[in-house]
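Chain nomenclature is as follows: A, B and C, assigned in order of appearance, with residue numbering initiated at 1 for each chain independently.
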């Protein structure tokens, strides 16, 4: 059966499409980032001299790390809970737990602004409880970092949770029964059965989400603006739009791309080349 | 079963076990509140006048109900054209991504080498931060006249490219599950490779292809970053919502957000089984 | 002229496997079975004939013609029938005609004819998932028939079914072949299926054909040790023996076929060895040829019984003869631990060369 030509066509056309629209521009970005009326590293030098870049780099480390921590903790709790429950409660919680992800990111962020703004719903609730208002979004404050982290985690926790539920479902029930008959308590079962069996799924989720987390852009842009909680993506956006420094903007974004590729490679090697692709 | 129940009952319950019930309830409450609060507040703001949304202390329940905000989405030129543009962009992106993604998924399911190459390519495409693609892409789109196009086709193309991996991975599993022998039978029956794809493979993957279509539609519908950078004057809904939110029109912004929210929610909830099985397939290879 | 003629066909896979230098010819109207253990190349051969794979050397002629695309001459029934699950039985059968843009009325007529030939008596609007195993097979047969191929290939069409249904469908297939008079090439790993179904069978191993013949020929005169042990269940016993050169014919007490550790044989040497070989040979005896009954024309073995299983039609006894394991299918049980004499008619003995494993005499 000679269908190889058709199959190459089927694989080739979409690949070319992706290369033309995603990879080729990125490659051109690399070229442009080294151009300043001739080949030069001046763009990079300018970026590296900029104090805002270093704040953005720090933000690009703190926010993803915090977000991953929060979303993994909540996702694990949710996954364990949902996996153990049956019936109506489970059905409601099941749908509810995926909803934040179903809400378009920009919609959730718009709402988060109304919730966290100085006279927003959260401070309103604190006021009703007789507590002092908290400056959730004051630029550069610790609170603003915390807020950004929570909102970012809020949106993507469902994805992490779904991966973990998938992982939990591969654990054969006999293992739990065996552990129980061996006299293992709830904590021991979790420590010696659930966690080791779940580790591959968690690692996969970590690589997948870690890459996404490093690309953070909208959350900080919408909640705090560019200088509130700067990250590299918004910093590059700022250079592009406000500062009118397109070549510097490209240099900054290439630095970010480089960091992500290195991280991803490290993650993929850690996964021993297990595929970590999901439809989302 | 009975004996098993007795064994279970006979085992001592640890202290940790006693906390499990309340802990589960707490976790479930967080999940339900995390989903319900934003949706409730959004609806509340969308159906009340602006002034009420800015009240201090905030109103928890709507007092004056109005349909003005929602009407404005369809009546204000700026909002209406953003809605139309968003639908057009998402439809074109969804169709292209589904067509190309289905082809790629099929090739990946039929040749191991193409599967590996496809996975590598898709991974590479997914690694790049939006900003690193969008900035140089803007330069290209300006050259070909698709930057900030009133028809949004430049954005549609990039959204399609972003969604191809999703469509490919969604259909790949179904194609891989079709017995090779069916296609060989069709070949011997006299069918060409293209005919085999159209008459044998595609009909069996109908559900997955439909899922890819709505999923890639919604991915485009939701996408904010590229839309912000490419459609700077002919805006689609996400960047428009961004400007409305940042510059303060609570009512129309909430109504716009609600219009964006409804199809997205419907699709994701309806596709939960697909998403779950896709995630399983994606993490366990 | 043969309906299908294969000459020196070769196709090697990187992973090993494949076929090397296969030649055979199949007559019109014949049911020809390719049988062998898994990995022997029988499916590869079938796929080469079908045109699903391409040979590196050799040629395949159908009806005397050597053409690259044989799809019009050949139809195939697959292991799990490979029915299109999204199409009704009718559409499954009609698919080849639709591809050829046959007029509607003709499709109707020919589907009805093919269904009748395949003894398919169901509502053709039903989908494969709603059909029983037997009905699916008949749909697959009808789909193969509709194009009026010269040769129908069948790749273990029964192997995924349960034993009872298999037996019934085997009968049905044989009927089908008689009724339609089609040339059929049938692949199976099941030697019993090969024996019961085939007009002729080809036994394959490691990519080559070991023997071609009618079922009785292959069973009664296996060409080599492999065929001898592969065909027949329980498999043929093989005993290492030494044949002493014939002494003077007038030596009545002389043992005729003494095995390495001596075997008792109740016969004269000159009679047992008409082919005049000597030294190491391999002696083959089918378990069902061994009895308790002394027979003037039989060889005798003193067997120490280890174990006996009741297998319905008789007793399968595991015994040791001069230190070598054998099995015997007996009509009477025997107590394990006992020693008894077993006899096999002289004409039922098979001899194989100990070096080449080929049949000797």
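Note that in this section contacts are C-beta pairs under 8 Å (C-beta built on N, C-alpha and C of every residue); 3 or more make two chains touch, one makes a residue touch a chain.
Because the structure is a prediction, the values reported are computed rather than measured.
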- Chain whose Cα centroid lies nearest the overall Cα centroid: B
- Item | Longest centre-to-centre distance from chain A, chain (CA-based) | C
- Taking each chain's mean CA coordinate, chain A and chain B are separated, in whole Å, by 15
- Cα centroid separation between chain B and chain C, in whole Å? 57
- Task: With chain centres taken as the means of their Cα atoms, state the distance from chain A to chain C in Å.
- Result: 61
- Residues of chain A whose C-beta touches two or more other chains: 1
- Message: Among all residues of chain B, which ones touch two or more of the remaining chains?
- Response: 184, 187
- Note on the structure: Within chain C, the set of residues that touch 2 or more other chains is 51-52
- Item | Sites on chain B touched by chain A in the complex | 4, 7-8, 11, 14, 16-17, 20, 23-24, 27-28, 30-32, 34-39, 41-42, 45, 53-54, 56-58, 96, 100-101, 103-104, 106-108, 110-111, 114, 117-119, 121-137, 139-140, 157-158, 160-162, 164-166, 168-170, 183-184, 187, 193-194, 196-197, 215, 221-222, 224-225, 229, 238, 241-242, 244-246, 250, 253-254, 257, 260-261, 264-265, 267-269, 272, 274-276, 278-285
- Can you list the residues on chain B that touch chain C in the complex? 179, 181-182, 184-191, 195, 199-200, 203-204
- Message: Give the list of chain C residues in touch with chain B in this complex.
- Response: 50-52, 71-72, 74-76, 78-80, 82-86, 95-96, 99-100, 143, 147
- Task: Mind listing the chain A positions that touch chain B in their complex?
- Result: 1-11, 13-15, 17-23, 25-26, 28-29, 32, 74, 77-78, 81, 84-85, 89, 92-115, 119-121, 124, 127-128, 154, 157, 159, 162-163, 165-167, 169-170, 177, 180-181, 183, 185-187, 200-201, 204-205, 211, 214-215, 217-218, 221-222, 232-233, 236-237, 240, 246, 249-250, 253-254, 256-257, 260-261, 264, 268, 274-280
